[in-house]
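By letter and in written order, the chains are A, B, C and D; residue numbering begins at 1 in each of them.
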Amino acid sequence: MIDLGKYAGTVLAAYGVSLLLLAGIVWQSWAANARARRELEKYEKNG
Amino acid sequence: MIALLKRDLALATRAGGGFGLAVAFFLILCALVPFGVGPETSALRPIAPGILWVGALLSCLLSLDRIFALDHEDGSLDLLATAPIPLEAVTALKALAHWITTGLPLVVAAPVFGILLHLPGQATGWLIVSLLIGTPALSMLGAFGAAITVGLRRGGLLLSLLVLPLYIPTLIFGTEIIRRGAEGGDPTTPILFLAGITAGVMALVPFAAAAALRVNLR
Amino acid sequence: MSLLAVHDLAVARGGIRAVEGVSFTLDAGEALILRGPNGIGKTTLLRCVAGLQLAVDGRIEMAEDSVAYAAHADGLKAALTVTENLRFWAQIFGGGNVEQALTAMDLTALADRPAAALSAGQKRRLGLARLMVTGRPLWVLDEPTVSLDAASVERFAALVRAHLAGGGAALMATHIDLGLGEARVLDLTPYRARPGRPPGRPAGFNEAFA
Amino acid sequence: MSIWEYANPVKFMRVSGAALPWLAIAAAVCTLGGIAWGFLTPEDYKQGSTVKIVFLHVPAAMMAINIWVMMLIASLIWLIRRHHVSALAAKAAAPVGAVMTLIALATGAIWGQPMWGTWWEWDPRLTSFLILLLFYIGYIALWSAIEDPDSAADLTGVLCLVGSVFALLSRYAVLFWNQGLHQGASLSVAPGERMSEVYRYPLYVSMLGFLLLFLVLVLVRTRTEIRRRRLAALQAREMRA
């Protein structure tokens, strides 16, 4: 583990918050897309 | 065109038009602030210009949705759109009517409310000047927001969300005029900036507002 | 010279073509009534002619500023009196005799009453009186006789007849018989847009992605 | 064949579908690689280990502005050339832009705490980003408030145009209002202020990663919007028939 010195909390918080937000938007985009595809396929199959 | 202005003024001042509500709201706002920050002059004086401007801004916001919503409901807007007056002029005139019934009373009332907030005497003149130059832009930008949200059922909250960020430059230069005036400095630069913004808004925003209205009428 | 000429018009409602291929002309002194089932696009077509909406395809030829449009909402202000309401629209459209319009729609006795105190039928009559004060030759009327009683419908027919006799024209959408025997009737049913994606520019999102 | 052919929804779906897996891999490698590389850089003699935040803060700030510019261009293409996919791309980009702005603000605040001794400073740059966030929120809210897609596309397009002018205006007004503590642009090319190479290369990788990530997200979200619109269109047609 690398030594972050006295600012360890600051750096880790910044990385944590950013990665969390990025993961959130990626997950939301992916989930919404999967849902839209499922619903469209269901509609096109049932006519 | 004068007829449209006259009708809007008549409607605003008659029963149910809501004339004067903005000033009353402004008064309440200015009366509440000392309860929040304390009655000392040292606490009130530095924030007075900001409170007066933010108060004017919020009071102005209250009546924005009436600019087009009522005319949309009763079909007047359809008829105005087919009238020989260009829709750009209609939006500008309606913004002007809003300014006369809301902005102008605020300008008149602000010096009195400035006393409540211990605004220094030499700043009162600059308060009037800054509001006089700045509030027309508030009405015109508000008319743009009202034009965008006119067809929506719950447009009121959205209207505030859209319009308030557009008010930031006006607010910044407006309070800067008073602050410099209160400190005995030279407020010419912010006055020029504020006047420039208002002039630009007057010249360009009616086109955007008319475009939004046309979309909402189809 | 016809007051209105419509060529191969297509109009869209909700982003989908409603009717297409509509053509007709309207000369001075003529009235045309549009008919068709609910939702076929009568209102949309009228709004296109009035210039409130863009046509998807086709041409509408007419002189500038010749349309007076009236729809379900009358554009009346409850706080203003009957005369004030009329005078406002007369000024906006540039002229027009307010007194004459009041007499024609039998509103003289109510002239100083606020519009808020009118019955639905009286409001409707005031809305139609507004057409007269616009001074425009082409009336575009969407369901003009809603909430009018039999006597008022007759008065309305007489008003339209007088307008036609004065060199005007009227384009109307209505369900009921107006007693205007001389009016031509155009049934929009055969012009209903074919389903499927037409060639050329889509009318809206619903057509672009269907 | 003109470039506008790609604005056709069917074609867009095909091309974007083929490109997405590769783009996604590249975005993941560059973003995670850039951030990890940045995390392992040595400490700065002045700022200590907080300098590592730059690899998140700067790319996010850059994308926050660029995404708004991209939305403006997409809105203009919609308003002028009426390409439906363009309007949907603008809609798809907005939430990504808002998240980027949020990251820039959050990392800025966390960084500012030890450097300036306060979580929030009304510094012109931070303030500008806060204002940008407000514009993103308003734009997203307007899209979700209007049911008719044609009106929504037109009105949000007009709002984006007017908003761009006022966002720029606010930027200069804020400079006038408060001079601020923020250091100059981190990639400044003026000699003497150049960033050390130890930091520069990971930063470039990270910036490329954020750009690719944005491309992937905007393509995925545009595809989502196209599918939603197609479903709505099919239902509308069925209802009409």
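In this text, a contact is a pair of C-beta atoms (placed from the backbone, for glycine too) under 8 Å apart; a residue touches a chain by one contact, two chains touch by 3 or more.
Quick caveat, the model's predicted, so the values are computed rather than measured.
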Can you identify the chain nearest the overall CA centroid, using each chain's own CA centroid? B
Whole-Å distance, chain C centre to chain D centre, using C-alpha means? 48
Just curious, how far off is chain D from chain A if you go by their C-alpha centres, in Å? 15
Need the CA-centroid distance for the pair chain B / chain C, whole Å please. 37
Averaged-CA centre spacing for the pair chain C and chain A, given as whole angstrom: 54
Taking each residue of chain B in turn, which ones touch at least two of the other chains? 218
Show the residues in chain D shared as contacts by 2 or more other chains, in ascending order. 230, 234
Name the residues of chain C that each touch 2 or more other chains. none
What chain pairs are in touch here? A-D, B-C, B-D, C-D
If we count contacts the way the header does, which residues on chain B are in touch with chain D in the complex? 144, 148-149, 151-152, 154-155, 158, 161-162, 164-166, 168-169, 172-173, 176, 190, 193, 197, 205, 208, 211-212, 215-216, 218
Across the complex, what residues on chain D touch chain C? 9, 82, 84, 148-150, 153, 226, 229-230, 232-234, 236-237, 240-241
In the complex, the residues of chain C that touch chain D are 14-16, 39, 195, 201-202, 204-210
Listed in rising order, the residues of chain A that touch chain D in the complex are 2, 4-8, 10-11, 13-15, 17-19, 21-22, 24-26, 28-30, 32-33, 36-37, 39-40, 43-44
If we count contacts the way the header does, which residues on chain C are in touch with chain B in the complex? 47, 50-54, 65, 67-69, 71-77, 79-80, 84, 87-89, 91-94, 130
